[in-house]
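Remarks on the structure that follows.
First chain written, first letter: the chains are A, B, C, D and E, and each begins at residue 1.
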């Protein structure tokens, strides 16, 4: 392991971390602006030009508020909860390929922190741990609303994890790899000319049902509307973070936006070709690898940001589910559908003979 | 690249001892506590001690059979937990306790 | 082979269908279903039979699967089809089919209709198994099976305790015979190592010690006496008339009771090497024949008369077997099946018309009410009495000739029997069908001819009884004895020595028998039609008549010398052995374990923690043992 | 199912029925897509917000805002403390004390009698304009301005110093 | 490098054992569960050290992601706290410790006598990959694999049946 390699990876990790934080930061702002726009309003625009300094103002507010800790026998866990939630949210970004390779000074640099061969499983594993942040925090709050929110969150997340995993399996059957970079490379370009007849290479066109299931599950996993039952204000005051204030609350909220960002990135990787874009081969020929890669990074971020926008768009369109409806949807609709999709995919793979 | 085996630095005996200790901690938990759920957790700990040893020897003998076994142990553990916890919840609903010293009605 | 299997399995299928779904089917369907399976079996049997007749069919002897095998012992489950079994196949399925059809009408009011037919089908199945078995064990299964069906059918109306007792009696008596059969098989198995007929037949004479042959044949014959109602095990048959009349016709006249004949004929190669047994067979047959015939003369129950007649005829057949005239015995089995089935069915028709009345003293004058029944009954009576040219004439005459050739005393007894037969059959016929009706007005009012389903089988059977004689026209008159040739591949080896009688002697015998029969009939005509004599009422018999009327008190003697001592012994055994010794042992062990359990129970605290502690400590102990002692 | 038809006053009523949904309806996807379309349309609609301090919405000409005590063209107070406004006020928000004009104060008060104090409790006032109607001297008017917020309740009891027309406005009024 | 591996091993082992002990001795059941999760993570680290990456991640998904969540979930539903839990009498506790210690001693003694094949000079790092495992699992162990799936299905049905509230008055689920 040479020094340059470590340096390069550190740089990438730092960049990814910074970008993740930045995007999460501006997602909070975006949420408010988009919410306003969907409601025919303007949203925050006073702090700085166009209100772009609003996240900083929010941050300052968060940090300067009173850090209230309720009378709980588990002070450590109370503090540990948001920390854990934030950490698990951030870890996932390490396996996400943000772009193809760059060629700098004779070195090939892959724009990814770690290309592990079981990346999809890694993501699933980390997501499954994420629930602890909510559970621990909600339980340690020593408050029945928090506990109820935590219980709801955990049961919701472990329920939808199953459907999510099953929907990914059909994608994996097509891609034949567990590496996220491998999956992206399988969706090369936009049109796939290699088959018997040309078809879109992105998996959203090959696995529309899996995409739909994954999308719904992603909403449920990030506790976003219409699945925001763990924090639903009208029933549980604030859900698992009722007792939180100051930056600990900030961490919870922030981690939610990070989760949104990561899940959008994964949706774009799994279904929208990640850093692929139409005509990328042509661009590579004309402008060279680096330029093509940079455009690819742009495409990746464009898709991801659209994903975040989609989250907010849905939030202001679809009303919240009732709890039994949520469970029915997860167990009685999505899981059977995902299994059906696996069966259909397998049948098609066998029938097409490859 | 042919990396050296981990067992050149960490003798496999170490793994034997570690998993034996974990196993005995599991046994201790079973004997020590009265809460059925914690006893359950201790059983999980024992299973994991065995899993660790299986993986260690799988690597030691360069045979993936051991890892497959761990896979099955996990499946069994998952099934056991699902059913066991369901039973515990059912018991709790009826007698409002998961204390094994209070659940002694089966002796007759 | 498949077809053969089909013949056997079809009735079984009919049994299963009727047993499980019969109650849900309409009566007509279940009855015709049962008849149809037997009919198909009959058609398939006829196919084989035709093959044997034309000579295209050869003997089938094959094991279906290896049934019992350990060491040198091997018993297969297999079938043997040769000319002998083919004849029985025809009789069983053919007459069985007619009786099935008859039963549809006869039993139509019974609420357990489907069950009845399922029993009938089961019986046919076991009978076919008995006839077709290629070794003694398969035959024995059929043997036991028909016994079971016989029990079920005799006791079919089990609500009547007498009928139940009759069924039990039949069962027990059969068991006694079966015991002989079983012992015979055991001895055979011990000394020859096989039960297959083909293997047994291939044993050279002189290989087996004489006493074994005598013992085996005697034991098998005890089995035959049980099944075929010979002295001393004959008393169950008259009682078995408690069953529905079609059952009497099917089981106790045409098929099951001839199983003993079949067994002796089948194992004829053994009997041929044991002339002592043959003598015993002939003697017992003769004794049974004359005894049953005399009892038959004084019976007043229409079915009882026929039952004793059956016993008597079976005795005649055993006489034929005993003198080595196997063909004659088989011949008589066939003709007897025709006319006796016809007689039973006819009596059933009468009983049916009189709504269950069986006493001939309350019958009479039925001729004008039931002409078809009368005429078929008459034909069958003529046949059984040995009147030319009906079938009984030929078969009975053969037996008489064979007996004459063998020993004169046998001939005298057989002759007497046949004279008595003619007498009591016509006594029965006259008392039932001629004169004035002696029953109640109520019964007279309802007198009617039976429906076609009853009369058609009667007509067919009587036709067969008429022409059945052509199977074995006497050779000395220059005719071709078809049955003898047909059976020659099977019974040739049995050493049936052709009786060396001159033509004139045979002709004289034939004429004498015919004349005697006619005289008997005439005597009974004078007595019962002209004289209008009636059997004396109950309890007014005198002297010898009284003795005979009470069947020589055989049942009572059995009761005194066998049943009561056995009961007494059983009682002692029950009080002493069962109550004290066996029950005491069992109860003591139970009490001991209860006491022990009560003590050990205290270990079961119910605390899981303790159990687990014990588990761990035991584990430690095992490891310590392994470490310190084993290593 | 009763076909229940109610009269719709708003004209936007839809008939409600509880018939079971078809398969497509159960999928909800078309409905969700439709809803998404609606929200997206609103996203691009012109916004209704008025950025207040910079932009202001025009009041209607009949708007009744805070009160003003008028001066005449010479700058003298018109109010003679007759009390009719206080009498007419339904909320009883107006109180005043009168005083006699001293010589030499003619440029200050138009008549011999004037209001020494004049207070309106703006928390009670309902801006009905009856004081304006009642005044015989055209001394009190309701303006287009809004009463500004304050931190204390006392701040809402407007005395003469807040109510009286500023001297520089006299000129403006004369011009108008 | 080698020392680094050994150090990692020691850290992970001590973490696992510490968390295991805390699982047993924590007064609060929820703390026990959380310590057990920590222990599982240490074991997952061991798996990574033994280059069983797939198993490590599956271990985390199954144990940390599913099983322990269920435990925590149940504990929270029952709301079992340290105030409600009864503890065994001191004698039983001492007995438990002695029994477990004896078992430990005996096990270590047994393992000390174990005769092992010489350590392999090179490790086959491909055995832990998902490709190898998948092939082994679906060829050699296909039948047990199917049985495992049936077992899980049965467990699922059983759990649903057990957890269902039985209300004799109504037919609704």
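Quick note on the criterion: contacts are C-beta pairs under 8 Å (C-beta built on N, C-alpha and C of every residue); 3 or more make two chains touch, one makes a residue touch a chain.
What you see is a predicted model, and the numbers here were worked out from it, not measured in a lab.
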Set of chains whose contacts include both subunit E and subunit A: none
Maximum inter-chain contact count - chain pair: B-E
Most distant chain from subunit B, judged by the mean position of its C-alpha atoms: D
Subunit A and subunit D: spacing of chain centres that average the CA atoms, whole Å: 50
For subunit B paired with subunit E, centre-to-centre distance based on mean C-alpha positions, whole Å: 5
Distance from subunit B to subunit A - Cα centre to Cα centre, in angstrom: 33
Geometric centre distance via CA averages, subunit D-subunit B, whole Å: 75
For subunit E, residues contacting two or more additional chains: 54, 58, 66, 70, 77, 88, 92, 95-96, 99-100, 103, 107
For subunit B, residues that touch 2 or more chains besides their own: 27, 31, 34, 101
Interchain contacts, given as pairs of chains that touch: A-D, A-E, B-C, B-E, C-E
In the complex with subunit D, residue positions of subunit A that touch it: 34, 36-42, 313-314, 316-318
List of subunit C residues in touch with subunit E within their complex: 609, 613, 616-617, 619-620, 623-624, 626-627, 631
Of all residues in subunit E, those that touch subunit A in their complex: 28, 30, 34, 37, 53-54, 57-58, 60-61, 64-66, 69-70, 72-73, 76-77, 79, 129-130
Residues of subunit B touching subunit E in the complex: 2-18, 20-29, 31-35, 37-38, 40-42, 44-45, 48, 51-52, 55-56, 58-65, 67-68, 70-72, 74-83, 85-90, 92-93, 98-99, 101
Subunit A-touching residues of subunit D, taken from the complex the two chains share: 32, 35-36, 38-40, 42-43, 45-49, 51
